[in-house]
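Below is one structure. I have some questions about it.
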Amino acid sequence: MAETNNVGLTKADYRGAPTTLCAGCGHNSINNQIMAAAYELDLLPENVLKFSGIGCSSKSPTYFMGRSFGFNSLHGRMPAVATGGLFGDHRLKAIAMSGDGDTSNIGMGHFKHVIRRNLPLVYIVANNGVYGLTKGQFSATAELGLRLKSQGENLYMPIDIVLEALASSATFVARSFAGDAAQVKELVKAAFSHDGISVLDIISPCVTFNNRDESHHSYSWGKQHREMIHDFNFIPKEQEITVEDGFEEGSVQQVTMHDGSKVVLQKLDRDYDPYDRINAIKTVQEANQKDILLTGLIFVDTSSKSLIDLYELPEDRALNRMQQEELRPPKGMLDLINAQMF
Amino acid sequence: MAETNNVGLTKADYRGAPTTLCAGCGHNSINNQIMAAAYELDLLPENVLKFSGIGCSSKSPTYFMGRSFGFNSLHGRMPAVATGGLFGDHRLKAIAMSGDGDTSNIGMGHFKHVIRRNLPLVYIVANNGVYGLTKGQFSATAELGLRLKSQGENLYMPIDIVLEALASSATFVARSFAGDAAQVKELVKAAFSHDGISVLDIISPCVTFNNRDESHHSYSWGKQHREMIHDFNFIPKEQEITVEDGFEEGSVQQVTMHDGSKVVLQKLDRDYDPYDRINAIKTVQEANQKDILLTGLIFVDTSSKSLIDLYELPEDRALNRMQQEELRPPKGMLDLINAQMF
Amino acid sequence: MSGIQEKIKGNGSIEKLANDFSMTVATVNGSGSQTSNLTLQRAFFKMGIPVSGKNLFPSNIQGLPTWYTIRVNKNGYTARSETHQIVVAMNPATIQEDLAKVEPGGAFYYADHIRVDLNREDISIYPMPAKELAKDSGAPPKLRDYVANMVYVGVLSQMLEIDMSMIRSAIEYHFSGKQTPIDLNMGVIDKAYQWAAENLEKTDPFYVEPLNLTDGYVMADGNTAAALGAIFGGVQFCAWYPITPASTLAESLGAYIGGLRDDLVDGGKSYAIVQAEDELSAIGMSIGAGWAGLRAMTSTSGPGLSLMTEFVGLAYYSEIPVVIWDVQRVGPSTGLPTRTAQGDLTQVYFLGHGDTQHIILFPSSVTECFEFGWKALDIAEQVQTPVFVLTDLDLGMNHWMSEKYQYPEVDMDRGKVLWEEDFENFAKKFGKQWGRYLDVDGDAITYRTLPGNKMPGAAYFARGTGHDEYAAYTEDPVDWEVNMLRLKKKFKTALKYTPKPELIGSGKAEIGIIGYGSTEMAILETIDYLREEGIEVDFLRLRSLPLHEEVIQFIEEKNLIFVPELNRDGQLWQILNMEYPTGCGKMKSLPKHDGLPLSAAWLTKAILDMEGK
Amino acid sequence: MSGIQEKIKGNGSIEKLANDFSMTVATVNGSGSQTSNLTLQRAFFKMGIPVSGKNLFPSNIQGLPTWYTIRVNKNGYTARSETHQIVVAMNPATIQEDLAKVEPGGAFYYADHIRVDLNREDISIYPMPAKELAKDSGAPPKLRDYVANMVYVGVLSQMLEIDMSMIRSAIEYHFSGKQTPIDLNMGVIDKAYQWAAENLEKTDPFYVEPLNLTDGYVMADGNTAAALGAIFGGVQFCAWYPITPASTLAESLGAYIGGLRDDLVDGGKSYAIVQAEDELSAIGMSIGAGWAGLRAMTSTSGPGLSLMTEFVGLAYYSEIPVVIWDVQRVGPSTGLPTRTAQGDLTQVYFLGHGDTQHIILFPSSVTECFEFGWKALDIAEQVQTPVFVLTDLDLGMNHWMSEKYQYPEVDMDRGKVLWEEDFENFAKKFGKQWGRYLDVDGDAITYRTLPGNKMPGAAYFARGTGHDEYAAYTEDPVDWEVNMLRLKKKFKTALKYTPKPELIGSGKAEIGIIGYGSTEMAILETIDYLREEGIEVDFLRLRSLPLHEEVIQFIEEKNLIFVPELNRDGQLWQILNMEYPTGCGKMKSLPKHDGLPLSAAWLTKAILDMEGK
């Protein structure tokens, strides 16, 4: 018999529909870790809501936890739908998958506002610097000067999801890399345990992103194959990119992306203080200046009230189970109003 | 004869239509300083474009520089219209007036993106923490816990315009207080001279904002008059709130608002280094923690290219003056295309 | 209102004309005259006289001209009147044009510190020492402008013979019994009353006298009524974004809901109201809540409505109940934010890209705003689709006299929702596994489950992309077509739930009028005038779209149908033609779009002109 | 296409059937089959045979089923065919259903490593050793899937008798003459050709033979054509946001504009293309640019269009020229993003709250996409209003055979713009001070000035709030009404500039068809079929809205009119009824909305059914 967790479920109980994302897409890695985290946390899938916008990343909720209610909404508008959705039964947990385009382009405003409202939501941005689903245009997180074959050069300053979350008073902010399975899982678990918004910026390489024009460090075959087939409709199957084992706190690791470019990751030190927002912003900025992506739990504030708390709902009653007796004032009240209105 | 500046214009040449804003509104003070700045900078009004969204603040461009082209667009969408508008004749200067609601609520996304594109635009946020034109609802810059009579309590964390601008790589960021005429004028002048986005967060008290429910430090008559008339349709005429003369760099000043609440302003030190973004963010955050509003030029980066520069337009030709010869390729080119299309 | 002139006898003595005039107060906005105007209006109402008040205000907070018109009419005509028998001028900026407005034989009251060229011989002119009396009141200097407005209340009370006890009770009501303001204001009013008695000689015919025609009525604005209706409809979630003239709807909701509902639930609230960051978010939150099983609504006006377009399409296609109040103002674009119109009809009818169709309700009175406040929530859940309620600035913000609110005559209907137990029974009952979009009843309305339902198989993934009966993603052409045809059919079923049109008249006239919403009062008044001209008409008051069979029947029975509405393009008329292509042109559009409420004078003339009279 | 069966002689020898089949290739998206399919299609085209290619692909990047259909037809019928005479099966996931698709008597080619139950006796079945041949090609392992697609190109070339020099020239064109890929791909094709010659015996009738029916034609997609048209129309600003199926329009603009335009201007570019943060911004930027005097455009599809609603109202009311390409996909909501429809018609017609009205152009071919590419920019500036071009996924993304692009026959018309000199002359010419919204010509189109104009008095403040003739803010009821009526009149003037409908047929038939856009090919084919059934029809191809007089005339002259379109509600039909209320029901709606391009088979049957045949 398959192993079960403390609520008696097997890993399979946390699965969704088979993925239709590209082979090698970082998003798949994230989805796997979400399932693992939920399993290890003994979450009942029925007690979790899933939300997303539109994009490859936003398709993800279909591919995990098929026993959970979910809502694949509109491009950029997930935070709004999640906010309303969570009031239905505030005792449920919620996780959202968004993309960098979904969050930092069209959805920037809602992203900021769901943060300042501190909605209790695990908000994952599967960040690949491009619009995967519409075929590789730059998103706002693309680095300045990046050149992509069919798009030319990115002229604008990048948006840093983590900095943005910190600037707008997010109460839980983390960064990770899709290929660092262990870290992603631990962060998702921590996020599920946080009572407020938790923003996870997860760098998640896109296979279609490997069409750089003049990549200096490209895979040997990469250059060749472009030369040979010259067909943007062909997407080779790739391996997921993973970090080496034993990526320790405080250490640095270089990861080679599908297009051969390199990303430098650094895990936050063991003695890093995640309760100091001012220092968190400073630390992230300094790392950015050195082209280093800091990973780990960057900031957490456990003292702020979540949005749901602010609305003083009954502790043990779901709003969506209330019926007429609790919702319609008696006739006498209307008579009173009629008498008062003048 | 009236005094003239170096381009032969009098102060009157910089006027707009008579204001229809409330007596005592901070926005009027800002408008006055915009006119003064333009006069002192010897700007030809014909060489300046004005943009705005919707709100009391966004009405402002009607009230200054009537000889300039202007576009009062949609709520929150000014950055988009300004971006397109500036391409018409990129040799012109541009100034925009927005409100805190216009910018940090509905317009948050566009605000962020016009910043990362570094559009050469003097972008003023006349910040009063409320929606003036729709009668005093909270905007996203309202402080946490603020209570307004008809709105209850503000439950959400405030957005700090300056921090947001800094986090998204703005190349010029300043804060001031509408009542500090000298500083506002100098900052507007500096902003006009900056080739890129300049974000000016100007605290601009709203008279309708003085309907606090339980203000601890209210004017003596304030409480009384509410008691006496209990009518939100009555808006007494107020004096503009100004800072005392001789508000020096580095010094602190307390200003009493219309509702009797107090705001503590501090001018940045003379030796403050505005070229260090990391330090700028830190300094602003630290002041915020102490409930102090830092004023002055908080950050400037003069090395980044402006959006217009990035598009490689002819230095001395306006796009909007080009005619058919420059815009329609000759017939031979189409023949070539027809021959190639297959 | 006809023939005022004749009432003024040759010798200066006048024949009195009771309870039939329209009175306009010209002030500056932000000067606090609203209290004065409402006091007068309430006093008339308390005296049992049919009355309405319409505020013509600028899109501005302080300092610009504002006109408040109170119409008093013994026949119950409360539509906007185009003539002004009494004008009270308090605004120096407009005094000359205000003077010109007075109908010959009418009365002109003005604050005597204002310079004015009194170039009218054909009216009665009454100066009022507003400034002086305000100064004498003892109010602090900053409040004198405000207090000056009480002067005209006092003066008019004297001159129109208003019952002073009614004035007092109106003031007490306004200030919720707080003694300081009551005393201050009544003090000024009394003084002004006194002053008028001593100094003014009445030379115009207009006055009021008690009637008993307001029993069973309330005086309120539609936005408050809508909010109250929603509260009695069990609304649980409202996300909104401020916009004139809709803001007061959500604000009233916030103001009233606690008092009316908090006692019903132990340990916490049964609702949440969220001021969203914009309208995209407001509708998105409301749809999220609707999906999660809450009675959810939002309110907005034109610009916000436009921003909601994409989300409305999502709700239509994924079949999520949500109620959207559109308090219409004048568009296109920002337009005239403080003026009224019925201009969003065709937009809403087709809102969203692709093939969409929406339920629209048209309240025509404050009472009906209350009724549709709860009913819209029922319909949304019954039909599982967005329900729009189209009201307008006139109905939403002005104070109307309207029948008392009626307690819902039916229980709340939550539509087809399956909780754990129902879910278990589903398979038994229908012999099929449940599917979110599976039409087991044949009425095209399917069963939904709600987050929190713990039964295995009850969860589903909602989406705006193509889905099959089991809510699974599909791009199959047949799946798409079948589902879309079911949606079309659902709107036939909807007719079972939506309010039917109301026929006013014998039903036997050859000429008809089809109208909707806030124009009802003007239409009813017009019908009386037409009858005086020998023209009999039936009036079909539309209360919802899509069209009921009764509308088509009405059209078929008439030879000629007039469709008056407050827009440029005749938007209902456009929809009628579209839905009734065999109409062969017998419907005539009578559109008006100047931002003002419809008047019977205009409509009567428009119809008579068309009739060649 | 009729009677294939009979062509197969009893003794197994077959009568050949030239240039009349529809061939579908079933693959997996992301496997790179597009190059193979285009190669075949181009080879047919080069051989002078009318051909079309339609890609049925999923909303996904890699791994899901995709079908590409090439129709070859000697009569020039290039609409979607509902039958498949040839099927090439490369996808294990769908092979069984692909096999079932083959019309009796047709041919089934499949990659022989795929397991399939070959349960058909009535067709010819040809296995292909795709994997083996790909392996032999010497291509690196990662590229083998891709190379396998070239195998069917080689095999079909042999079996259909395609001219191999045309295959080579198609490959050379595709790889822009780059030797490595040309050699690799031609190597595989040649090998497969050889293999087929040696191993397959032809038992089906389908083959091609050279014709000369493609002279004067190009093969291209509508999005590229639209971009090219805009470039020749002098477009200067385009802000856009990625969305399928519109993205390639703006991307093509970016790809082509530099090469075609940079030489015309010294010292810099004459345009800017900005990828905006969302569609709200994309339209906002374009409107800003249009206001500032640039030829500005944006392109989008349903969801983006919905988001543009508020801004479109602003442009309508403040009279700003801007062109909006809506490449329609299936809605409502996210719907089927990779399928085609004509579902945004009524939405666009009424887009924006309040009374709005918009110009819509309907290109029906790639050539017309080019033509409207430049013409829309003229019209927008002539009429000073948003101009929508409604195309769709089928026209925008598929490869159509279409007449060569025609160089604009008229000079660019910038409409009524006053630069410094003109401004000075204005007062002289019209005896009036210039006002932005002053109608001096009586055609309701007023003169505008542009930022940078240095003349005193030339500047104005644009706004979406009520404005008078001098662009000053006003809330005056009459100002509002007068201005709105002028706008309405402007759309009458617009008819001078917008493309008139095209009559196809004698004009004497009693039955008519009114159609628009990408359905033209299916309608023309249908007309031939109807003629075979003895039914004569005239076809009025609508090219724009608002309706020209010619449309009304056409309706009046016919007894019966069919209106086929790709949506559920019959949206053009709805508009026709609305605009022509005296039609008395003689228009019949024929809507179809399954996401596929219209087929003549469906339309013919629909009409015959209605005719009772």
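So that you can tell them apart, the chains are marked A, B, C and D in the order they are listed, and the count of residues begins at 1 in each.
By our rule, a contact is a pair of C-beta atoms (placed from the backbone, for glycine too) under 8 Å apart; a residue touches a chain by one contact, two chains touch by 3 or more.
Fair warning: this is a prediction, and the values are worked out from it, not measured in the lab.
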| item | value |
| --- | --- |
| Reference subunit A; chain at largest CA-centroid distance | C |
| Of B-D and A-D, whichever chain pair has more C-beta contact pairs | B-D |
| Candidate from A-D, B-C or B-D with the same interface as A-C, over half of contact pairs in common | B-D |
| Computed distance of Cα centres, subunit D from subunit C, in Å | 45 |
| Chain centre separation (subunit B, subunit C; CA means) in Å | 37 |
| Shared-contact residues (touching 2 or more other chains) in subunit D | 59, 277-278, 303, 310, 314, 333-334, 463-465 |
| Overlap residues in subunit A, where contacts from two or more other chains coincide | 74, 105-106, 108-109, 112-113, 140 |
| Interface residues, subunit B side, partner subunit A - complex | 105-109, 112-113, 115-118, 140, 155-160, 163-164, 166-169, 277-278, 281-282, 285-286, 289, 304, 307, 310 |
| Contact footprint of subunit D on subunit C as seen in their complex | 58-59, 301-303, 305-307, 309-310, 313-314, 316-318, 328, 330-339, 341, 343-344, 346-347, 349-357, 463-466, 475, 477-478, 480-481, 484-485, 488, 567-569, 571, 574-575, 577-578, 581-585, 587, 593-596 |
| Subunit C - residues contacting subunit A, complex | 42, 45-46, 170, 173, 218-220, 228, 231-234, 236-237, 239, 260-261, 264-272, 274, 276-278, 280-296, 310-311, 314, 404-405, 407-408, 411-412, 414, 419, 449-454, 456, 459-465, 472-473 |
| Subunit D-facing residues of subunit A, complex | 20-23, 54, 56, 74-76, 105-106, 108, 131-135, 137-138, 140, 150-152, 207-208, 221, 224-225, 227-231, 233-237 |
| Touching residues on subunit D, where the partner in the complex is subunit A | 29-35, 59-64, 139-140, 142-143, 145-146, 174-176, 178, 180-181, 184-185, 241-244, 247, 251, 254-255, 275, 277-279, 303, 333-334 |
